[in-house]
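Shared chain: chain A. Partners: chain B in the first complex, chain C in the second.
And now, the complex of A and B:
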């Protein structure tokens, strides 16, 4: 069944326009349902993410076997289709057969480990698929609130959010790796270590402004230096920190001594 | 039911877009992080108008590009307004609770397209599918109820009375 997942990625059109993410046709879903391989469970869990999406769009790069599916699979026809209505906006809603259901099945969220196996093009397309799914779920949530009805399967929204976050982490990982190799810079956004008025040293990330900093009144009010009257407070803070650290160490030593007294054959805990 | 905070959200939320000044090249965004909500209009709108709730930082141009590129929707004009979320309600500690502000966009579709907000929660009879989990659960619940019921020959008299 790995082949089916591979086939899925191959069938995805290489078009770059964001709205053309190819999704599974019903035939493919049927194929997956019949299969019983262990791997299929894992793949199907991710693939069922797409089961709400119907193939739509008129991309010319579709293989001929797919062309017939939107016409033949009558169950996927849009219920609110009039002659002049827009098919694009229907993607804000679920499949018509899921309207009014109390529960809608959905698969597991994407894990970072699984996303790292995917190519950049696949991740790019997946981003838009997840975005559209999120929009659909948000519209559903809002409409449910409006109609004072429970939203079916609200966990889908959290799954999609998690998947988006993981996708973002994977993409940033790849970008940092590339940047390190090409330029040697670890961070994409330039920054600097700065001290704020309270004496804390922190990493300040630069922001783009239309004028230089000495002409920016709001920026000058920020004060990236510690005034002299803050020094005593800094000293007190350092003392407090050292006292706490000493207390913790002492406590640890005392507990160990007590335990060794009670249980002389105890091995020294390495913590 | 409390929701766990998504701690790694900073990756998605922290992306800064470059400053735009007159003459700069067109900003092209890959993988936009903004999500829209299509809402049912509270007031009657013309047939070609679609109402969205969009994040506060989105502009009309952003929304136009978003809908055209991602959803392939022909967009005409867009009008936006910011809805103030009330700060009037108070919690049990008498602190004011703020409802979040949001931006509302009224999108008029081009090329004579129309849109009516569909009925997403139609009435469906609750008979579950044959052999499914729901059917088994319902059967089990029914059997349990049948067992809990007292003897019908007692005529509604409780078990407290009697031998």
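And now, the complex of A and C:
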């Protein structure tokens, strides 16, 4: 979607202007310095940050490292978190009654079947709950390593990781279904079949860039064709592959014959 | 030297000359092929031995090696060996079970405690069970303790566990919105910014 950049891009203010305007000149991908005094008036509508090139939820936010405080460039003024539990840094640690225990009881991980019955909002909340739990367990693991003792109940970490993976699967499933319905595209990320210099045809996944390919020096150095001197090797490679396949089939036949000889009463062999 | 050769040398297990192999001796063996869905002996089953030193005895299955059609019974088909020998001390003399092939084992009908052949059949509910050919009784699946010692019937939820009602609560309403759109609606987030043109290649 073409962004008609209306009221958002602000011309680069000279350093004299009060520290609110963060601009990014899209063309040159250069970030201008953040003015020192970033005061509390972040919510001014003039503030922009690096435009999010979002393609249906795939490319991660190209987070500029220079962007210091999380509130500085948010276009909206909101509280940092909306959770019920606001224990702050204590969330990195377990409940106090579990401190010093050698084994902590934990239940079964979430299954994909159960996660599919939950609404998107619930999944969103659960994701952050799981993330915080994972952070807590990782902190615990690192501390145990530092103190050279065993981490109590390491299977909790594996359970949380599995739950997170399953949640991700469920969300991608829903997204794929919607995308197939609305656009007919199977893949979220665009790509193409390309040939590399070794003669292999592979699925090349596209990356997101700010400038077109004919202006991208690094991209132009990539070669998506097979040079002529590689041509003879392709045939040799095919021959090698066929030879290996024939040898495997032969070996398979020989083992089957040997098995039939050793175990005459066996049924039709499997595998 | 080739890289593959170097890696192969590094991966080869170096073993002292008088090392006593257990059930994991690396050798090529021919195993009678049995389809994995036809496997009838499960851990915890009671089986009877048909051949060997302890012929005719019944025992519980402790361990199953599917790749070699082996079954280890508790306390049967044992031999003795020394374990933990150091220096002058010759070690403790203990009994160890040797594995038995599937050919030398039969399952036992739980009702009359006699050996029988077993087939896999479906019940009326659609459950796949083992049925004894001779009597027609169903062999129940043996109850084995979980490795973490949890008994599902006696489980009590902890403070961080979700209760069964909450887990089974169905809150999903299918809609034509992505997760991001739905969540933004619910949280009242408005995204007035628009994408700039980007190039994918």
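By definition in this document, the second predicted complex is superposed on the first by the 160 of 271 C-alpha atoms of A that agree within 3 Å, B and C clash if a C-alpha of one lies under 4 Å from a C-alpha of the other, contacts with A are read in each partner's own complex, and residues count from 1 in each chain.
The criterion applied here is as follows: a contact is a pair of C-beta atoms (placed from the backbone, for glycine too) under 8 Å apart; a residue touches a chain by one contact, two chains touch by 3 or more.
Just so it is clear, the model here is predicted, and its values are computed rather than measured.
Of the two partner chains placed by the overlay, chain B and chain C both lie in contact with A:124.
Contacts of A:171 after superposition: both chain B and chain C are touched.
When the two structures are aligned on the shared chain, A:149 is found in touch with chain B, with no touch to chain C.
After overlaying the two complexes on the shared chain, residue contacts for A:207 are found with chain B and with chain C alike. With both structures placed on the common chain, the touch criterion links A:230 to neither chain B nor chain C. Of the two partner chains placed by the overlay, only chain B lies in contact with A:158; chain C stays clear of it. In the superposition on chain A, A:91 makes contact with chain B only, not with chain C.
By the touch criterion stated above, A:135 is placed in contact with chain B alone, chain C being left untouched.
Across the superposed pair, chain B and chain C both touch chain A at residues 57, 82, 124, 171, 207-210. The residues of chain A lying in touch with chain C in their complex are 1-5, 8, 26, 48, 51-57, 75-76, 78, 82, 95, 105-107, 114, 116-124, 133, 155, 171, 174-175, 178, 181-182, 190, 206-213, 219, 255, 258-259, 262-263, 266, 269-271.
Interface residues of chain C facing chain A in the complex, by the touch rule stated above, are 30, 32-36, 148, 155, 157-162, 167-173, 176-180, 182-183, 186-187, 189-190, 192-201. Across the interface of their complex, chain B is touched by residues 17-19, 57, 79-80, 82, 84-86, 88-89, 91-94, 99-102, 124, 127-128, 131-132, 134-135, 138-144, 146-147, 149, 158, 161-162, 164-166, 168-169, 171-172, 189, 207-210 of chain A. For chain B in complex with chain A, the residues that touch the partner chain are 3, 6, 8-9, 11-12, 16, 18-19, 21, 30-33, 35-40, 50, 53, 67, 69-74, 109, 112-116, 118-124, 126.
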